[in-house]
Amino acid sequence: MKSTSIGRFQLSLTAAVIGATLSMLALPTAAQQAMQPMAIERATILSKPGVFGVFTMFKLRPDWNKVPTAERKGAADEVKKLIEKHKDNVLVDLYLTRGLETNSDFFFRINAYDLEKAQAFMREFRSTTIGKNADVFETLVGVTKPLNYISKDKSPALNAGLSSATYSGPAPRYVIVIPVKKNAEWWNMSPEDRLKEMEVHTTPTLAYLVNVKRKLYHSTGLDDTDFITYFETDDLTAFNNLMLSLAQVKENKFHVRWGNPTTLGTIHSPEDVVKALAE
Amino acid sequence: MKSTSIGRFQLSLTAAVIGATLSMLALPTAAQQAMQPMAIERATILSKPGVFGVFTMFKLRPDWNKVPTAERKGAADEVKKLIEKHKDNVLVDLYLTRGLETNSDFFFRINAYDLEKAQAFMREFRSTTIGKNADVFETLVGVTKPLNYISKDKSPALNAGLSSATYSGPAPRYVIVIPVKKNAEWWNMSPEDRLKEMEVHTTPTLAYLVNVKRKLYHSTGLDDTDFITYFETDDLTAFNNLMLSLAQVKENKFHVRWGNPTTLGTIHSPEDVVKALAE
Amino acid sequence: MKSTSIGRFQLSLTAAVIGATLSMLALPTAAQQAMQPMAIERATILSKPGVFGVFTMFKLRPDWNKVPTAERKGAADEVKKLIEKHKDNVLVDLYLTRGLETNSDFFFRINAYDLEKAQAFMREFRSTTIGKNADVFETLVGVTKPLNYISKDKSPALNAGLSSATYSGPAPRYVIVIPVKKNAEWWNMSPEDRLKEMEVHTTPTLAYLVNVKRKLYHSTGLDDTDFITYFETDDLTAFNNLMLSLAQVKENKFHVRWGNPTTLGTIHSPEDVVKALAE
Amino acid sequence: MKSTSIGRFQLSLTAAVIGATLSMLALPTAAQQAMQPMAIERATILSKPGVFGVFTMFKLRPDWNKVPTAERKGAADEVKKLIEKHKDNVLVDLYLTRGLETNSDFFFRINAYDLEKAQAFMREFRSTTIGKNADVFETLVGVTKPLNYISKDKSPALNAGLSSATYSGPAPRYVIVIPVKKNAEWWNMSPEDRLKEMEVHTTPTLAYLVNVKRKLYHSTGLDDTDFITYFETDDLTAFNNLMLSLAQVKENKFHVRWGNPTTLGTIHSPEDVVKALAE
Amino acid sequence: MKSTSIGRFQLSLTAAVIGATLSMLALPTAAQQAMQPMAIERATILSKPGVFGVFTMFKLRPDWNKVPTAERKGAADEVKKLIEKHKDNVLVDLYLTRGLETNSDFFFRINAYDLEKAQAFMREFRSTTIGKNADVFETLVGVTKPLNYISKDKSPALNAGLSSATYSGPAPRYVIVIPVKKNAEWWNMSPEDRLKEMEVHTTPTLAYLVNVKRKLYHSTGLDDTDFITYFETDDLTAFNNLMLSLAQVKENKFHVRWGNPTTLGTIHSPEDVVKALAE
């Protein structure tokens, strides 16, 4: 079991949006950084803005059962080597959903400074033994941005609250990915009104800093969603309560997509995921 | 035919929510219990909070007809042994839907204190003869919680009503599973207003304690539904009337999902289900 | 060509609901009758309450074309024998939709006093030559109930109108099945207001007693629909006009499902349907 | 390239409805005519009321590429012979959509006085070489009715306008089929109010009589649409402008389906369509 | 990597509509031009009105992996020759989406003065090695029109703004295609009110002329969308910000489709796309 450390928790699901749009002309430094060749370091890439996230959910075809056992058993090693080959370009996480989801058996989260590099990795995966025997059920593409709504300037008390506690539970065993899309009424609200609703949204979530890790990717125009929200936890009842508290604020009235699909999986090393599916 | 006894009937479909969210910081004992190694005892696991329920609907592929008869006939024994192997981790129920449903031929309900254990069982099932020849059509994941709205404290008269009658019909032959999702308007109502609507919801259902058994799982954030409602009955006309009475209260105006799919099956032992499909 | 006689026309599509829910505690005699072993007599079973209807739409797979001709030709006889075997348990109607529908080539209507018996028949059909080569596209399950809204007590004039004319056209050649689901606003109306709207709904339909036969099954909670409406006619322009008159009343504003799918087929003996598909 | 002549242009998409429903008891002569054995004459059948239209969209399966070339080449002749065989029962048009549509490669429009005859043709087509290698993606069934809203009596000026110009462009090379469904609010409007909106709908369309041919089938209750609108043109920019003008009138606010699918194809003889697909 | 030059940027997504509909009787010259035989010149065809655009998204079937390596390797050359053969009829662009999209691996954009010519190319592609092993997931058909809302006459200041800056970033590596459909309320607004909203829509987009290229096709009546919006960029964070700014204007409240699918791919020569998929 792998303990994924997320350098910096982004509590507010959509907090980064307004600032980004207001400061968009001053911001392209993030995009420029994305072009710089740099070795992939987990803690760094998971805390930077301007990083692309590609989530790809796969479902094994029935033919997978007919692949000779030896070839199936070799699949984990093949994937391990592919990850090694691309280690200077992408950070690869692989999760197991078989048994918990209808439409997927496993899914990737690829983090990359350059989206073309993420595409290259996913394309090569499709030519591996397991990749050739799996169908893509869902792909979500997003990019990280600086914290926006609940920033030091705009909402100092809540911003401090977000730093007042860190995850202190057991190593997370579960991962949840939930795409979020908001309607035109939300986007047509003034930045001040959206900030206000995001503060109401954020307040009840402080209590869950200790048992749920979170990360946010922005997707408007890159995919048919506005955000990809990513969570890790070891306490699914706490997570259920966190989601209920987010359902109970006014911001929820502006959602046109919240899930669809919600993807729930377990956290393992990439090799262990492939091995579990090759049994 | 198997008579499934549910230790404690949870009449109100959504009654457990408010209490759970209000007391969430005090509640993690349930989640901690889930980690304890304990033998699976049907009456106990079906009455505890903090228990995960995984519902998985399967449809046999046409290739199933081409599996040699002997192998097909052996499938029931194979499933029986798998259930035996996992008996300290999960409680397994298996139901027959072929002939009554479009998209499934059978479905599992797995109850487990630890969700990873349920995943492990379902994953291994996929490698059995029948599992390899079936597609997953639907998976629903939820967790049980203490009774909430109609509790002794908040609604004493109705709470007493819920204990005033118990199932007295013939052993149920039918099972129905109905996912339920509520809109943002519902979740934005005050707890008091939701309690009031749940009381209106509960009143007409008391008459059906004698002929319909019920159980509730909570799913917000774990799946694209808020609740999984599970029913057993021998009187489908009474069940139809119960559902009509629930359609006629104001709470129904807040549903965005009520069914889709509604799954109706018959109750048998796991072996009998597999045998019926192997004929 | 077979002339299907429906013992008693139920003009009002949803007329039976209110009475049934009001008298639900006194009603279980219908469910009890369903348990009685009794020979299946067409006119009787088609006029009783407490009878289950299972509609199953099938589409032949491309592989059907590869089944050896002799085997395909024998399929009609095989289905005939299966119907004969189950004749004490279920009434079987089979209709031809190939050429008129996208997603089905034929469909069954099974009437049974005991739903498990209908399931058993449909399950065994799946093991026949034609059943093994067909996919289920849609299954609808419902139960008949006594006339409700337009009863002698509540709406005597319209009730008399319903008996004032009977079908007098040529033997119907066409069958139409349309599922109907109503929204929460409808079910939250008072019984008096719903009765009033059902009277407005019923009035313009009296003119079509002479050329359209109708039958109603109730499905709330048994399936993702509230009603299954079944029609036979030889005059499709008249049927189109009947449906337009039902579109023009206020009740239509409460529909959330009216069709989806609408299924239009032709009426033949079961053997002739299978023979037509085996050509 | 075939020049399809439509005997009588029906400009108003829904103009025929009110009159038909008001005069429904006097109308069955059209249905009776449908029973009369009569040779199929293109100009006649395309101008009569009481004629059934069956639209069937087909997509070739990948296996089509594996059919031996000679067999594929013979497919056009086989279809030609089938059309010849049924020439006294149905009028057959076949259009090419491969390259312009996602879900179809070709589609049929069958006109028949007797719907069972159209079913028989489509059923036999399914047993031809090309029919066996194609999946049905969409079927739409409708019936023609006399002009209704914009009649000589109700709207004399516009009715005259409809006769004031005829198609004068090059032989149409393109065909477009668009199903239309209206909501309960539309059907609950008074006939006078609907007539008024249809007049507003009709006025801007007069300018397009010269470059777009149109035909209307009524489908309420026969299929999950209210109308099938059929167009032929050689000027797709003009057609785009016609559709924009129809989008800009109040009637458009009552549409719940307008397209889904919109089908765009090219006009050829049936043999040329099959030949093009057999290359 | 290929640098696609778009002769004239059309900033406003829907700016061309009103003018086109108002001047429709005077406009057919564009349609007439479409008939003229003329060699295809990239800069010219990409800047003219009356040009048809056909977008076709393809997904390789699993069988593609079983095609012998030599045959797969030859696919790029085969596609190159097909493009050469049709070079006097169509302009062909091919993009790579594998790794970034769920339902496609590559997609075509065909520009043609005559739609039948585009159909002919796409039809012949289906008979190539790669075409025979791919399924169509989406087809979008549209036509270019003269700029409308933000014209020199109607909105001179903004029209000048559109010419005040040109793309100055690195050669675009990414392509995005987003279909747009507006509701009946939008189309029922007066031309003046729509112009006003398009001005509000256009203002915040001027800042992105330097880093996002755009092109617009009109589809009402030709397909189930009103517009096809096409973008090229090298800065996806800027593109995300551009889309957010378009989400924040009132015009967004009238969208019923904005994406579904959003297609994101990378820009290469056609041969490189096929080679990448043949590896």
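So that you can tell them apart, the chains are marked A, B, C, D and E in the order they are listed, and the count of residues begins at 1 in each.
Operating definition for what follows: contacts are C-beta pairs under 8 Å (C-beta built on N, C-alpha and C of every residue); 3 or more make two chains touch, one makes a residue touch a chain.
Computed from a predicted model, the values in this text were never measured in an experiment.
*Asks:* Kindly list the shared contact partners of subunit D and subunit E, in label order.
*Replies:* none
*Asks:* Taking each chain's centre as the mean position of its Cα atoms, how many Å separate subunit C from subunit D?
*Replies:* Taking the mean C-alpha position of each chain, the two centres sit 30 Å apart.
*Asks:* How far is the middle of subunit A from the middle of subunit D, if each middle is the mean of its Cα atoms, in Å?
*Replies:* 48
*Asks:* Line, ring, star, complete or other: which one describes how these chains touch?
*Replies:* The chain contacts form a single closed ring, each chain touching exactly two others.
*Asks:* If we count contacts the way the header does, which residues on subunit A are in touch with subunit E in the complex?
*Replies:* 17, 20-21, 24-25, 27-28, 30-31, 34, 50, 52, 54, 56, 61, 63, 115-116, 118-124, 126-127, 132-133, 135-139, 141, 143, 145, 184-185, 187-188, 218-224
*Asks:* Considering only the defined contacts, which subunit C positions touch subunit D in the complex?
*Replies:* 62, 65, 96, 98-103, 173-174, 176, 178, 207, 211, 235-245, 247-250, 252-253, 255, 259-262, 264, 266, 276, 279
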